[in-house]
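Pasting the structures in now, so scroll down.
You will see subunit A twice below: alongside subunit B first, and alongside subunit C after that.
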Partner chain A sequence: MEAVTQYLLTGLSVGSVYAMVGLGFYVMWTAAKAVNFNFGDIFMLGAVLTVVAMDQGIPLLPAAVLAVVVAAIAAAAIERGFVRPFNQEANAIGWMLTTIAVGTMIESATTALFGSNPRGLPSPLAESPIRLGGAGIYPQELLLPVALVLVAVGLELFYRRTMLGRAMRAVAWNRTAAGLVGIDADRITLIAFGLAGGLGAMAGVLIGPVVQASSTMGGVIGLKGFMVAIIAGIANARGVVIAGVLYGVSEKFIEGYLSTAARDAIGFTLMVLLLLLFPQGLFGRKEIKKV
Partner chain B sequence: MTAQARSTRPLATLALGLLAGLALGPAPAAAQRAESCIGISMEVTGPLANQGLMLRIAIETALDRINGAGGVLGRPLRLVIYDDVGEPARAVDNARRIGERDNCVVMFGGARTPNAIALREPLAEMGLPWIGAISAGTGVIEHPNGRNEWMFRVSMKDRWVTEYLVQQAKARSQNGKIAFVYEGTAWGQGALPDIEAAARRNGVALAGRETFNIGDQDMSAQMIRLRDAGVDTVVLWAVDRESANMLRSMDRIGWKPKIVSAWGLTTAFARAVGPLADGIMVAGTFNWNGPLSPEAQAALDAMKAKFPDRIRTTADLEQPSAMANAWDAIFILAEALKIAGAYDRTKLRDAMFRVNYTGIVADYRPAFIRGNQERMDAVLPEAYKLQAFHNGMLMPIEATPYGMRN
Partner chain C sequence: MNAITDLAAAEQPSPASAPILSVNGLRVSYGRIEAVRGVDLAVGAGEFVGIIGSNGAGKTSLLRAVTGVLKPVGGSVRFDGADTTGLKSHAMVARGLAMVPEGRMVFADQSVRDNLVLGAFSRIGQDRAGVEADIARMIGLFPRLGERIDQQAGTLSGGEQQMLAIARGLLSRPKLLVIDELSLGLAPKILDMLFPVLTQLNREGLSILLVEQMASYALAVTHRTYVMENGRVLFDGESKALAGDDRVLDAYLGRRGKH
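The block that comes next holds the complex of A and B.
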């Protein structure tokens, strides 16, 4: 029972990270029908920039906010410089290569400037765990599902209740028609990438105190965030949240009862099978285009 | 003798000469005079760049001392650094540059064992001596064909390290339940058979074998299994980041076994996890925080003076054993060059077997033994020492307050 509790707790925490990164992919995709493929590096920037800001004497909370803002600006800049110019025509795919290239540049630059060693991100919530019998969890990890729920609800309200959110939905629905009614689709896309960057960076800041900040911390997380977005159906935010948490929890049970080494192999096989059965994702709807 | 026979004799001689020439092959590059340079392929960038930096600090400082005293054979030793980013293919490419374009007399290696293993054939083809100060894989020195002639090492050897760690774990375990935890890389998986063999030799039945992938952020499942199996001592074979995440997983479930680790753990690990690292034991060859010989103190002072922004205290020596190894390796090389009497790779290779030298890590008498590839390793297990983390520093275990002894 202790083991089951532990797998549920850590699975919930890890799954929340996947879901938040997956939500970033959702926000980008709905606005631009394109994503930053190296989104894991924006996640990494959240944690690394917080450490850098704290090195300058800034306390944790302002440092975290500053890091999220800077990472969001970086994500928006990536849209402007590396996505938009390569996503002008229907079925353009140049942005895939350019976002991978810029991600590699960010990671290399971070290694050179921040160092190749992982560094601790001190937080009072990651000093001692809360024990439940033989299981346990750091309070910092409990922040992740809480943040996920707040982000998911906030996104829902943002998309439905605010002018900017409605404009994003309009651009997602029909970019040309949105332009015809006076919405600056390019600006909306830029903001969407910035918003996604903020989400990814926030996930990095929240998990950083538990797993340390390092230039290479985003690679696997970015990939898994993208995977849960695809499994869910990338245009369905609620689906991304559910798929992310379920994937995180199932990983822990695979580690516990099947194989640690084969965890990713099993997870990725599961993804392929799910996509074979549900080509639009578990929660996605088939897109119908009138011709 | 007929006229025909006489006329064919020169042809036959020529043919025999050609055959002999083909059999012997082209004259090896090693026969050529080489430049007074040391080529090094190591991790200047990438995830292991900190290890490359530590090597560079030790090597450049040692070379300064040698060159300041007039160099070797009247010439200064020059260092040529190439970045392999930890990738074997790049290491091979760099070795070709060092051996063929730069024509250096010797090559030094970086941190990763797969890179060093990839160099076995190119080095033999070029006749280029190689010296490693970190990469500890057994196969780097003990080649499958049993004919290592060019690769020397002043570092630890995994096969000897596994034996040492198992013995240390056995001596420290209270219930005899010892487990092996290793990273799922060539380095970690390569150690598993050595650990199992060492356990058998020492009468230890491993109570668990657990692995994890690079980048894993939670190892709760593995730790729960080991805890539930009653394990009280873990032999660890991993590097900083994942080891820190493993400690967090142990902390979550309230389990704190003794940990005896291979030297993948550095002071960066202790800085990242804070007090959780206290008491973790790490095998090494040298510790700069213990009593230092005059030679070692001079080495430390010289590194501080040459790299004042990077080396301020001993805590900044992130790879303490590797840096001491590299320091000794440079002086062993200088001794060998003096014995060789020329910048000639073959003469240098032969001279390496005649070096007797007292270094800061060990008394190398002799440094290497010809015809015994197991002894192309200069640092013997007798020189291995257990160290332990305390307050973010890697200390000699006798200097820690945990009541432990080597």
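The block that comes next holds the complex of A and C.
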């Protein structure tokens, strides 16, 4: 019983990370019908830049905010330099290659400058675990689901209640029509990538104290975030949240009852099967567009 | 049809008086295919101008180049006293040119109200009260939109979507409204309601450029009409005169049974 609680809690925590990264993919996709494939590196920058800023003597909170802002700007710059120029024609796929390329550059540069060893991101919430229903967990890990709920609700309000959010949905629906009401679709897309970058980096900062910061921490998590977004049906934010959390929890159960080695093998297999059964994603609708 | 003819403005502003839009030698290509091959066209301030022509004549491509949806490969566009050749559509909206696109393109996943608010995107930051007043005015113009104000735009009928697309375009307070294929897919009953609204807006001072495959409607409401074929303007003239012109009667008004 304690084991089950433990798996549920840590699964909820790591699943929240997948969901937040997945929401980043959702935000990018809706605005641009393209994504930064190496989005995991923005996640990584969130944690690594926080450590770097703290090295300079900046306290945790301002360091974290600074890191998120810088990573968001980097994400927007990637849109401008590596997505937009390669996403001009309908069905263009150049951005797939270019975002993987720039992500690899970022990762290598980080390894060169930051070092190849993981470093701790000290947080008062990750110093000693608390006991909860027989399970041990860091308060830092409980912060993640809370942040996820805030982010999901915030996004929903942003898309429905703010002018910028409505404009982003308009661009997602029909770029031409958006331009014809005076919306600069390119600018909105740039902002969307920055917003997504902020979400991804925030996830990195929040999980950093638990998993340590390293140049390679983003790779697999970025991939899993992308996977849960696709499985959910990438145009459905609530679906992405549910799929992310469920994936995180299932991982912990596989890890617990089988082995860590089995986790990714079985997890990814499950994802492929789900996609085979639900080609539009679990919560996706066919993209209906009246022409 | 008579009702519409009667509504057409009697006093016609002269096209020579400072055109709000003038297009010179405009060319548009899709790869190697030339859709528009050197078109000259002008819309006077306060004028209601039509473009008719068969499917594939280049009408929509011409409009798209004028409104900045695509870049022309040659020629120039002047709007409201400035060279606007190659400017993107969002910049054209800010200058006072709004377009109701072919197929209406309402934001189907957003409410009617949000569609209208988005229509005012370029000015909502500065003039929220004015936008609210304009939305009320649009509901006065199209009461159906008022009844459906909180519905998703995708649930509206084709005619209602066209009303919404026009209202959305007007919310940017344009000097020139460009309309592409108003009649597309709409029943005559709805057209008999929509065209008089355009005439009324024109009388209130709005310049309108209307592309329309239904030549009879376009000739009845506009002051002047351009006839396009194969990417060129074949001829143009007073709409009243063209409505009796043999070339127009034969090709576009179906005198010999072809339509």
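The rule is simple: the second predicted complex is superposed on the first by the 284 of 291 C-alpha atoms of A that agree within 3 Å, B and C clash if a C-alpha of one lies under 4 Å from a C-alpha of the other, contacts with A are read in each partner's own complex, and residues count from 1 in each chain.
Basically, a contact is a pair of C-beta atoms (placed from the backbone, for glycine too) under 8 Å apart; a residue touches a chain by one contact, two chains touch by 3 or more.
As the structure is a prediction and not an experimental result, all values here were calculated from the model.
Annotation for the three-chain superposition on subunit A: subunit B and subunit C fit side by side. Shared-chain residue A:177: touches subunit C; no touch with subunit B.
Number of subunit A residues touched is higher for B, counting subunit B against subunit C. Using the contact criterion defined above for the overlaid structures, shared-chain residue A:212 touches subunit B, although it does not reach subunit C. Look at A:3: by the touch rule set out above, it reaches subunit B but stays clear of subunit C.
In the superposition on chain A, A:129 contacts subunit B only, with no contact to subunit C.
Judged by the touch definition given at the top, the superposed model places A:169 against subunit C, while subunit B stays out of reach. Once the two complexes are overlaid on the shared chain, A:112 sits against subunit B while remaining clear of subunit C.
Between subunit B and subunit C, an angle of 140 degrees opens at the CA centre of subunit A in the superposed model, to the nearest 10.
Here the smallest spacing between CA atoms of subunit B and those of subunit C, following superposition, is 40 Å. On subunit C, the positions that touch subunit A within their shared complex are 67-69, 88-90, 93-94, 98-99, 101, 103, 105-110, 114, 117-119, 121-122, 124-125, 154, 168-169, 171-172. If you check the complex, the residues on subunit A that touch subunit C are 163, 166-167, 169-170, 173-174, 176-185, 289-291.
The touching residues of subunit B, counted against subunit A in their complex, run 45-50, 184, 210-213, 215, 217-222, 224-225, 227-228, 240-241, 244-245, 248, 251-254, 266, 268, 271-274, 318.
By the touch criterion given at the top, residues 2-3, 6-7, 10, 14, 108, 111-112, 115-120, 128-129, 131, 134-138, 207, 210-212, 214-217, 219-220, 252, 255-256, 260-261, 263-264 of subunit A touch subunit B in their complex.
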